Every structure is written in structure tokens, then in C-alpha cells.
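Look at the two complexes coming up: subunit A is in both, with subunit B in one and subunit C in the other.
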Partner chain A sequence: MIALIGLVAGVLLGLLLQPTVPLWLQPYLPIAIVAALDAMFGGLRARLEGIFDEKVFVVSFLSNTIIAALIVFLGDQLGVGSQLSTGVVVVLGIRIFSNVAAIRRKLFKA
Partner chain B sequence: MSLLADLFAGKALDPGYAEAAERRAAAAESAAGSTADGAAPGASRPGPLARHSFFVAVLVVVGLLLAVAVEEVRRSEPVAHKERARLVGEIRGRTSETDALQRRLEDLRLETERLRAVALTRSDAGRRTRGELARVAAAAAATSASGGALVVTLDDAPGGADGDDRPPTGRVYDQDLQILVNGLWAAGATAIGINGQRLTSTTAIRSAGEAILVDYRPLSPPYEVTALGDRDRLRAAFGDSSANRHLRALEDQFGIRADVHTKRGARLPAAGALRLRYAREETSG
Partner chain C sequence: MSGRPETKPPEADEERGAPPSASGPPSEAAGLRAMLWPRANRAQLVVGLLCLLLGFAAVAQVKSTKADTGFVTARQDELVGILSDLSRRSERLRGDIRDLEGTKASLERDGQGETALEEARERAHTYGLLAGTLPAVGPGITLDITDPSRRVRADVLLDTLQELRDAGAEVIQVNDVRIGVDSHFLDSPGGGVEVDGRRLQAPYRFVAIGDPHTLATALNIPGGVMKTLMGAGANGSITQHQRISVSAVRS
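Moving on to the complex of A and B:
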């Protein structure tokens, strides 16, 4: 419940404030969102399995986003930014799918 | 490939939660083993309030990220649209500008012709020069020409265009057009144009990739070669020429369609920009 309230508060905050993303940060925004989604679904799965832990969630979110952004930043410096972004999205996408599949199995028993 | 191996094994890709749960269970077990009560496990960790606030802060950040991304996409859409509209507008503007310049060029050319004609009629020498100029200009395709004409239409063989992977054998090549044009010159044509493109004595007919270029401008089939001159003499002379035999051979062997007919009032435009090769502007004084 408190998680949902926090999420909705964040969305409302973003829609109300409409912060402008600085240009140098724009390539990292989609990557950060995919990393955040990965952490979210991982947490949701753990919650349904009854082993959720707030500390693990916070740490996994921070490390996911920071490492994903770091990889893309490093790729940009090396000139392979788009390829590394693709790699990050593929890996996180696989994780998101497997987590969502586990959630689906828990919820619908199918 | 531990990611894929774990994926196929159906294991959790992030074992962090499972490990934390195990650790908690172990701590609870040791706490139950000792004499301490329920307050003991919480003592080594930060207070529940601090952990809750971290958790909520992370979720607020996630929500913020989502909202900002949506906002960003919505904001950049009209920008891209505007950019495109601006480019299209610029292209239209430049095209009409070029058209206007082209028209002005035509006007100025006509004006120059007229002034030159007026200036040359003032003296005998001038009149002679004018006659010579007219002859030379006609030979150099610098003026438009009209009159009776022999029209030869060449087209690629039917089929093989789409849904057919065989190499197209029935295509008209630059060589065929060269032979045809040379045959028409030899038959006494005074001016020749291909698809409305006037040929001069130095115009190149060549191919680049699949397209035939005349004066470096690509043409598309069917190729209509118009040769001005005495229609009947042209027809008779061309009928006996080796160029005509070449066309018949193409028709028989490759199915290339070649059609020869005469036309009463054909008109050919002047050739594009003619460059002066040897003439120099007179230096004044």
C-alpha cells in the first residue's frame, strides 16, 4: 500500500513540476527507467513469494540504475554507446520478462 | 552465459531477496535459540522508520522518472513535427526560387538573342555573321528546332520487372541507344532528342547502374528518340542502315520492342547550358 502511494506521489510530482531534463542527462533517462522497472518487478516478485526486503530493494534499485548509466556513459566515451545501451536493455529486458512471468505464475497459477 | 543458463533453469535472476530471507531466517533461529525476546533481531539493523523512508523515496524517484519520461516524449513530438514542416517549407521555397531563376534565365536569353539580332542587322558584315551564327547555333543545338521527324521508340522487353528473379536480358542498354543515335545521324538527321532531351555533338549517352544517362541526366523507359529532318529520306536511309538491323536483332533475340514511325510536327528544345570551350571574353582597353 505504502509502495503504491509513493509511486503515485512520484508520478504526480513529475506531472506537476514538469522538470526539464538537462541535455547531457537525456541519453540516460530511458536506461534508468528500464533499470528501475527491473528493480520494481524484482521487488514485486519477492513480495509475492513472501521474501521481500526493503534494504535489498533500495540497494538493487540504486546499483541497477547507477551501473546501467555508467555502462552507457562508458560506451559513449568509447564510441559504442548505442550498442552498449542495446546490451543493457536486452539484459534488463530478459530479467523483467522472467520476473513478470514468475509474478504471473504466482497470481494466476498459470 | 549464466544469465541464459539461469533463465532456462527457471531460477530467480536476482538471488538477493532469497539470500536476505535466508539470512533473516538464520538470525531468527539463533535469536530463538538464545534467551532474548523479539526485540533482539531489530537491534542490529537501522530503525524501521529510516528503512521505510528509503523505500518510499526510491518509489517516489521511480514514479518521477516515469512521469518525466512521458513528459519528455510528449514534449519532443511537436518539436520533431515542426522541424519537418520547416524543412518541407524550405524545400518548397527553394524549388520555386529555382523555377523563378530558370524563367529569368530564359527571358534574358531571349532578350540577348533579340539584341544580338538587332545589332547584327545594321551592317552587311553583321548580316553575314548572323546567317553564319544561325547555322552554327543549329549545329550546336543551341536553339530549339522543329519540323518533320522520324521517331524511334525503344522499350524493355515485357516481363522480368517484378516477381521475376531471372537476370533481365531484355533491357535496353546505353550501347543500343548509341548505335541507334549514330545510325540516325548517318541517315541525315539534323537534330536528335531522346525523351525531350536534346543531343549535341558532345552529349554522352552512358549507363550508371540500371539507368541510362543522357547528358548526365537519368532517363526512364520507354526511350523515344526523335530525329528531325526530311521524313521520307530519313526513313528510307535508316531502313537500310546497320542500326536498323541491330534493332531488328534486338527485337528477335531479346524481345526489346522497337517501333519506327514518322511524325509531322515534332519540336525539340535547345540543349542545356552550352559551355564555351575556346572563345574568350575580349579584355577591354
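Moving on to the complex of A and C:
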């Protein structure tokens, strides 16, 4: 519940403060957000399966975002930034889908 | 996502007094309710904080994606192209500013209206060239079209003219007819083509003033004028000139 409140509060804060993304963060933020989404859905799934652990969630959230951003950074340095970000987005997208499928099965039994 | 199982007091659900949902077994509904019930310990707060961060970042990203004009997603060579376009344009505009400032300064300096007269004369000359009432000299090309099989019709010549105009030709003459904005081409019944009421016979000769290289390239593009001419059994030859004169005028 606190997580949900936090999410809503974050969105409201973003709408109110109208932040601009700093330039150095611009290539990495989209990927980091997708990675964080993956962590969030993973957490939701674990919660529904009754194996949720805050520590695991926090660690996976942080490591997901940081690793995703690092991969993009490395890709930019190697000159394959756009391809690598596509790859990361595909992998994270697949994980999000499988997590959401598990959540759906848990919730609706379908 | 593995970890030690969550310990949740089952009696907490009973206290809230919500009836178990009809569809799922009670344990599912209880799990959902327990998930939605705020439990404020430090770990939960950290989770909430991370979610806050996620929401904030997502909104910020969406906003900046909406705001930017696609430069972030553009490739490096595209960006370089855009940049060089812009700097070329600003260079040109700066040149225009210099010219206009020079004109302004000389207009202010001169009391007798000498510069104004000069300006007006220059403008009249430009308009005369565009209207076709003045002869012109400059770099350009000649395009000679021989038509042994007599299959070059008015539309082919019109296409050629439009191609030249597109490529930036400023002054154009076909045989001895100066082309203006309202020039027209007609198939003549006895063969040949009528241009602005004057009957022309092959070979046709286009004289166009403009950047010779650009004009020649425009005529030579694959599937362009030269290919069409060849397809009609005609032969076109382009000659680039550093200085060529268009002497025909319109009345």
C-alpha cells in the first residue's frame, strides 16, 4: 500500500514540479525506468505468491536500474548504444510480460 | 525474486471485516487485502520511496520526451547533418544581414537618392530577368535534343523545363523562345512543338542559366529527363558552360 501511495505521490510530484531530466541522465533514464518497472512487477508477483521480501525488492530494484544504465553506458562507449538499449528493453519487456502473466494467473486464475 | 516467506498475521484480515470475495478462495482475497493494508515499517517505507522515485522519474521522462523534438533519438550523423545545415543557413542569413546593413548605411549616407536609384535599378534588372524582358549572361548549361524519330512531344519538353526550374535555373531559352512564367507547350499538328505560339522543329536547344553542375545532375538522375528522351528515341547532350548568354527576350 505504501508502495502504491509512493507511486501515486511520485507521479503527482512529477506533475507538480515539472522536472527536466538533466542532460547526462537523458540516455539512461528511459532504460532505468523500464528496469525499475520490471523490478516493481517482480515485487508485485512475489507479494502475491507470498514470498515478497523488502530487502530483495530494494536490492533488485537498485541493481536492475543501475545495471541497465551501465549496459547502455557501456554500449555508448563501444558505439553500439542503440542496439544494446534495444536488447535491454526487449529482455526487460519479456520479463515484465512473464511477471504480469504470473500476476494475472494468481489474481484471476486465468 | 526469492526470499523468505512473508509473515502476515491472518487475524488482521478478520479485523477489517471485509467479506472474502466470491470468486477466489479466502486466502487469495486475504493476500490482496494484506497487500493493500498499510504497514509502516522501515523496509516498507524504503519500498514506497523507491516507487515514489519510479513514478517521479517516469513522469519526468515522459515530459522530456514530449518536449524534445526528436534530437535525442537521432543518430550522430543525422545530428551532424542538421547542425551543418543550420550553420550554413545562419551563415547565409548573416551574409544577408551584412548586405542589408550595407544598403541601409549607404541609403542613410546619401542625400541625393543615388543609392536608392541604384537599388531600384538593380531590382528592375532582377525582375526583368525573371520576366524574360532582358537578356542574361551567366554560368549555365545547354541541352541539345536531337529527335530523328520525331517522337519528342510537348510533354517531354515541358518535363525538361520543369526539371530545369526545379534545379534552380533562373533564365531559360528554348531555341529562340525565351521562357517565362506563363510559357506553354503544344503539340503542333504538322510535327514539331509550339512554344508560346511559335512553332519549333527538332533539334531543340535548351539554354539555362543556373549552377551548371546542379542542372546537369538534375537532368541526369536515373529515370529523369535524359532517360525519358532516350526512351523516346531522342538524344540529349548536356554541355556545362562557365559563361553562357541568353539573348532571346519576351516582349
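The definition used in the following text is that the second predicted complex is superposed on the first by the 110 of 110 C-alpha atoms of A that agree within 3 Å, B and C clash if a C-alpha of one lies under 4 Å from a C-alpha of the other, contacts with A are read in each partner's own complex, and residues count from 1 in each chain.
The rule we apply is simple: a contact is a pair of C-beta atoms (placed from the backbone, for glycine too) under 8 Å apart; a residue touches a chain by one contact, two chains touch by 3 or more.
If you're wondering where the values come from, they're calculated on a predicted model, not measured in any experiment.
> Judging by the criteria at the top, classify the pair subunit B and subunit C on subunit A as clash or fit.
Result for subunit B and subunit C: clash.
> Once chain A of both complexes is superposed, is A:Lys109 in touch with subunit B (first), subunit C (second), both, or neither?
After superposition on chain A, A:Lys109 lies in contact with subunit C alone.
> Quick check for you: in the superposed arrangement, does A:Ser98 touch first (subunit B), second (subunit C), both or neither?
The answer is first: A:Ser98 touches subunit B but not subunit C.
> In the overlaid three-chain picture, which partner chain does A:Val89 touch, first (subunit B) or second (subunit C), both, or neither?
In the superposed model, A:Val89 contacts neither subunit B nor subunit C.
> For A:Ile71, select first, second, both or neither according to whether it touches subunit B, subunit C, the two together, or no partner.
Once the two structures are laid over each other on A, A:Ile71 reaches no partner at all.
> First (subunit B), second (subunit C), both or neither: which does A:Ala3 touch?
both
> Quick check for you: in the superposed arrangement, does A:Leu48 touch first (subunit B), second (subunit C), both or neither?
Second partner only.
> Following superposition on the C-alpha atoms of chain A, which segment of subunit B from the set 2-10, 38-46 or 74-82 overlaps subunit C?
Of the stretches 2-10, 38-46 or 74-82 of subunit B, only 74-82 runs into subunit C after superposition.
> Mind sorting out which residues of subunit A both subunit B and subunit C touch, each in its own complex?
2-3, 5-11, 13-15, 18-19, 21, 26, 29-30, 32-33, 36, 40, 42-43, 45-46, 51-58, 60-62
> Applying the document's contact rule, which stretches of subunit C touch subunit A when the two form their complex?
Checking each residue of subunit C against subunit A gives 1-6, 8, 23-24, 28, 31-32, 35-40, 43-61, 63-65, 67, 72, 75.
> Quick one: which bits of subunit B touch subunit A in the complex? Just the residue numbers, please.
3-4, 7, 12-14, 16-18, 20-21, 24, 45, 51-52, 54-69, 71-72
> Give the list of subunit A residues in touch with subunit B in this complex.
Within the complex, subunit A touches subunit B at residues 2-3, 5-15, 18-19, 21, 26, 29-30, 32-33, 36, 39-40, 42-43, 45-46, 49, 51-62, 91, 94-95, 98-99, 102.
> Any idea which subunit A residues touch subunit C in the complex?
Answer in residue numbers: 1-11, 13-15, 18-21, 26-27, 29-30, 32-33, 36-37, 40, 42-43, 45-48, 50-58, 60-62, 82, 106-107, 109.
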